[in-house]
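Got some structures for you, see below.
One chain, chain A, appears in both complexes that follow, with chain B as partner in the first and chain C in the second.
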Partner chain A sequence: MNAVNQSKPVVVGAEASVPIKTVSIDKKALSGYLLATPPLLFLIIFFLVPSILLFVASFWTSKTFTMIPAATIANYARTLSASGFYDSLWISMQNGFWTATLSTVISAPVAYYIVYKTRSNAVLYLALVSWFSSYLVRVYAWRTILGTTGVINSTLQQFGIIDQPLEWLVFSKFSVIITLVHIMLPFTLLLLVSGLRDIKKDYLEASADLGGGGFTTLWKVIIPMAHKSIVSSFMFTFVLAASDYITPQLLGGRDAMTTGLLIANQFRSVGNWPLGAAMAYLLLAVFMLVYATLLGVLRAANLAPGKRYHD
Partner chain B sequence: MTNSIELTGISKSYGSLTALGKVDLTVKRNEILTLLGPSGCGKTTLMRIIAGFEQPTTGKVVIDGKDSTSLAPEQRPVNMVFQKYALFPHLDVFDNVAFGLRLKKTPKDVIKREVIKALELVQLETYKNRWISELSGGQAQRVALARALVNRPAVLLLDEPLAALDLKIRHHMLNEIKRIHEETSTTFVYVTHDQDEAMILSDRVVLLNKGGIEQIGGPEEMYWSPRTLFAAKFFGDTNIVGGTYGASTGEGQIQLPFGRFAHAPKVALQAGPVNVSIRPETLSLAPAHGHLAEGEFLGKVKDTSFIGNRVIYRVAVAGGTLDLKCQQLPTPGSHTLPPGADVSLKCKPESFVVLPA
Partner chain C sequence: MIRLFTYIYMLFLYAPVALIVLFSFHSSPSLSFPFEGFSMRWYEQLLGSYDFMTALRNSAIVGGASAVLTTILGTFSALALMRMKGRFKSIFAFLNFAPIALPGLFLGIALVILFSLIGLPRSLLTVIIGHTLFTFPFFVESVRSRLEYFDLSYEEAARDLGASPLKAFWLVTLPIIGPTIAGAAILAIALSLDEFLITIFVTGSETTLPLLILSMIRRAVDPSINAASVFMLTLTIAIIAIAGLVMTMRRRRLELERAEPAE
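Up next, the complex of A and B:
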């Protein structure tokens, strides 16, 4: 409508609206659709269609690397009745929760500094530099740092602070989470920086002007306004860390069997694709539950926008 | 205690850049004072120093009789209306206005009463449940006023509050701000770059230029008695004409390119070259006639603009070496003189503003 009206400024009034409606397509909307088409097609072909196929396959049965079409919920039932699934889920959820919480909490003051305290992007670039090394290199680097003969243990031993190397440093939950946090930190930092950039300094000054100290401004203005980027930063890293199975395998010790690994095994070694698909969809359901819980918690704590505080 | 704000020796530099240099300023209780000047003159910096968002490099800020130089913004009894309103988008109109009172742990029923009163003051009481995104620019402006005034500040700071509004609403809001000032009897400090806004609104105008105060005075004083060339040019339209005062031309005489005029200076004036500011409306113009009376001189109309309530002529004088702007009041039936017409001009030497060159 807009484009048409602009091209025919002479036409005025109700009677003119009849020919306008018959005039062809809105150019603005058309160019929008054209721009959105390539990524949309990509998503449909490589994400939506395989996801639907996988969902359908989760109701099939399997016999040594062959899938047999069926309509059974046996795969779901089997997963939900196996204690191994819950054990793996517990490990995954811990990895996800601690990684997402620590990454978001550590990134927040850095993002605040980058957006409000300095005009240079040096700190941001510095944080992004770690992306120039590969995932595996970073995992092995942590193994070297945290190992029984690693930098930390040998230093502590040399200064006589400990006699025996600290075994829990490596091949433990601790080493998995510290590595995942290191890997995820740039993501959360970028998301929080872009979220805070939308909150102009005016809002912080307005809060101070009305009597809000630093802490009040944080809780009553910054967090509610940055709510979306905080949630996305948390969920993004939660999903990535909870479904990760490389780092837990290399650094997790007894805690290596995450749900991600369980699912991967169904596809790679066991060859039961329908069972793997069912597990993947159960994990997806758990993620959605976590998302809903997070939103609920933020809302209950008055940290989400859209609430009225008066009657 | 009659002063809301006393600033002494305020300066502000950013590295080698000086934004403000040694400013002394007193804001009287209940007045509307405007800080006026072109961009980069330091007016915003000065306001931000009063609000506490900037620390002065030197100097003392006294607000309401209390030295506030080192107080944080949240500890100062001033509130600000931001240029882009800065209303919290996650809160509705009521909660935005209640923000300051809630932080002061005001009882709930008092908050409700005060917020409604503030919204009534800006005539938006029916909008209390609206979200900020549902407001027009003018309404957002009113909410911003209510949010600041509800805290009963000793001083209300307004940072170019009308800059984001279109012309029609701007005039309306100017009158609204005047009305609200009368109803609340609060001291207003108003920052603007628009001299019309400053003239309409102010009890006193502070004209700033390059980080210093150029002149302080009431609107009429600023217009008719500017003390510097900058001040003369900043308010309204004027003709600046170079000339000579005294000495060779004689005591109390000013030699201008188009004649010699008797002028009794209001302030002590050194003999020598001067700049004379002549307001276009102090020149009168008539079709050229036979002889020139005392104080009259000849010119030729270069162009004319009829604007309805006034006609502006550009007239070449002194043999075409100088153009003067001349403003006349048209009356029904009067004819605008065409370009090329020979005219005789008459000036009022007593309205000359003579400034050392």
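Up next, the complex of A and C:
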């Protein structure tokens, strides 16, 4: 009897402790959902709902700045049948492609240097600070440097190297892309550094020990292992540069009419919001297509270890 | 080789900005060399300009208000993410990040449609909402990784000892996560100060600092753009430096505490 009595409290305690634990876990999860409510409401009201409204509005019609509810695909049909849209898309895609490629390729050696060659983060922090030096200030800086009366042209003229200012320096594809690359570099650097940090130096050394040269190591080890951060670096930069309309406008000359500007104009000067909404969703669809193509190309080249890589 | 490349890279990043700083002190309106001497005239002109002071005031209001909103909402998010698990957590985390995966243009036009349909006139208030949507994901991202070390059992201990949830948060959680949150809040101000892609669409007649600079660049060659740019640059970098300092100081203290656990 005594022994049973003594053992009883222990059993009760053990039994009790299990349900108490589960209750506290449920409470924790519940408090998590409760805490998530205010930000969730904010995101639903000011992000999800507006995105859906933008989509819905793309099927509406418009009369100068007034939207009229309807269910028509006229905006899509009109956009897709106008050559201006394709012209703008071509310019946007070129801006996106060159900016994303150049920024990623130029930042890659620096990311390598930061992760494997130096232990200090000074370079990374310095680059990030320049990321915060306003976008507009940098656009303006490039205009000052490349302009017809700008630093390069006036210096070259003073030394008698050229008679007339070099027109192609400013208001050209060149000026737009050099400016966009300058703006995006710190961002691509940050993404590439965080990708390389996941690859231990041992892997690179193992590759070298097995006789892999620098190029083989890059191609067979670094790129496949870091492909996620390379893809995000490329895609983020591509989307930001391709949808940009301020830099092309301030530096682009004939190439100013990007799809971004076309969309912005529908909302600001033209006043046909539903048409602009349709264009915005078409642009998003193009971005998805670019993303799928990029992944496909990397997979086909065995640079993105998906399922196929392990087969 | 690679070190040299890195130096050239940094030079490329900073030289154009340095040039603007230099020309902001130029005594002549010319934006080319030779440099004719230093003067403060463009700064004097700027500080005497009604447009500039108005834009500065608006930027301060928007930056302050959106940082406060971002901090409140973002702290809720961070605390929720610490407690959530599984699929809901990943959906919620994705939603928190999603606004900055889209271009600012898209957010701007989507918000403008919402505001016009619910009849909210465009004003500084709509700008504040737009900025909060933009700074909120950055806030959550920068706070999240740093909160992973936070041990929820501290809070549970306080609750077991009879503290109300609010009291446990106030006395235990906040002192621990406070500096991280402060750093991210300051970062939000800096991001708001620079934002104009959304602002262009959601503002009424009000200008902010970037909008003023944009209109100055569009209008004509006005050398006080340089001074305005440098002003904005200094402001942003100072804010970032403070944020960085707050966050590193916190980490230093934590590392010291970890180094001497027995006390």
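The rule is simple: the second predicted complex is superposed on the first by the 259 of 311 C-alpha atoms of A that agree within 3 Å, B and C clash if a C-alpha of one lies under 4 Å from a C-alpha of the other, contacts with A are read in each partner's own complex, and residues count from 1 in each chain.
Following the convention adopted for this analysis, a residue touches a chain if its C-beta (ideal position, glycine included) is under 8 Å from a C-beta of that chain, and two chains touch if they have at least 3 such contacts.
What you are looking at is a predicted structure, and each value in this text was computed from that prediction instead of being measured.
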For this session: Please work out whether A:Leu136 is in contact with chain B alone, chain C alone, both, or neither, and reply first, second, both or neither.
Result: second
For this session: For A:Lys28, decide between first (touching chain B), second (touching chain C), both and neither.
Result: second
For this session: Check whether A:Pro305 is in contact with chain B, with chain C, with both or with neither, and answer first, second, both or neither.
Result: first
For this session: Check the contacts made with chain A and report whether chain B or chain C touches more of its residues.
Result: C
For this session: Pick one for A:Lys63: touches chain B only (first), chain C only (second), both, or neither.
Result: neither
For this session: Have a look at where A:Arg254 lands relative to chain B and chain C in the superposition and call it first, second, both or neither.
Result: neither
For this session: Answer with first, second, both or neither: which of chain B and chain C does A:Arg119 touch in the superposed model?
Result: neither
Exercise. If you look only at chain A, which of its residues touch chain B in the complex?
Worked result: 200, 202-203, 205-213, 216, 220-221, 224-225, 227, 305-306, 308-310
Exercise. Residues of chain A touching chain C in their complex?
Worked result: 24, 28-29, 31-40, 42-43, 46-51, 53-54, 57, 67, 106-107, 109-110, 112-114, 117, 123, 125-127, 129-130, 132-145, 147, 149-151, 153-155, 158, 182, 185-186, 236, 239-240, 243-246, 250, 260, 263-264, 267-268, 273, 276-277, 280, 284
Exercise. Can you list the chain B residues touching chain A in their complex?
Worked result: 51-53, 72-74, 78-80, 82, 84, 86-92, 94-95, 98-100, 102-104, 111-112, 115, 128-129, 147-148, 151
Exercise. Which positions of chain C touch chain A when the two form their complex?
Worked result: 2-3, 5-6, 9-10, 12-14, 16-17, 19-20, 23, 31-33, 72-74, 76-77, 79-85, 88, 92, 95-96, 98-99, 101-103, 105-114, 116-117, 129, 132-133, 136, 152, 156, 165, 190, 194, 196-197, 200-201, 210, 213-214, 217-218, 225, 229, 232-233, 236-237, 240-241, 244
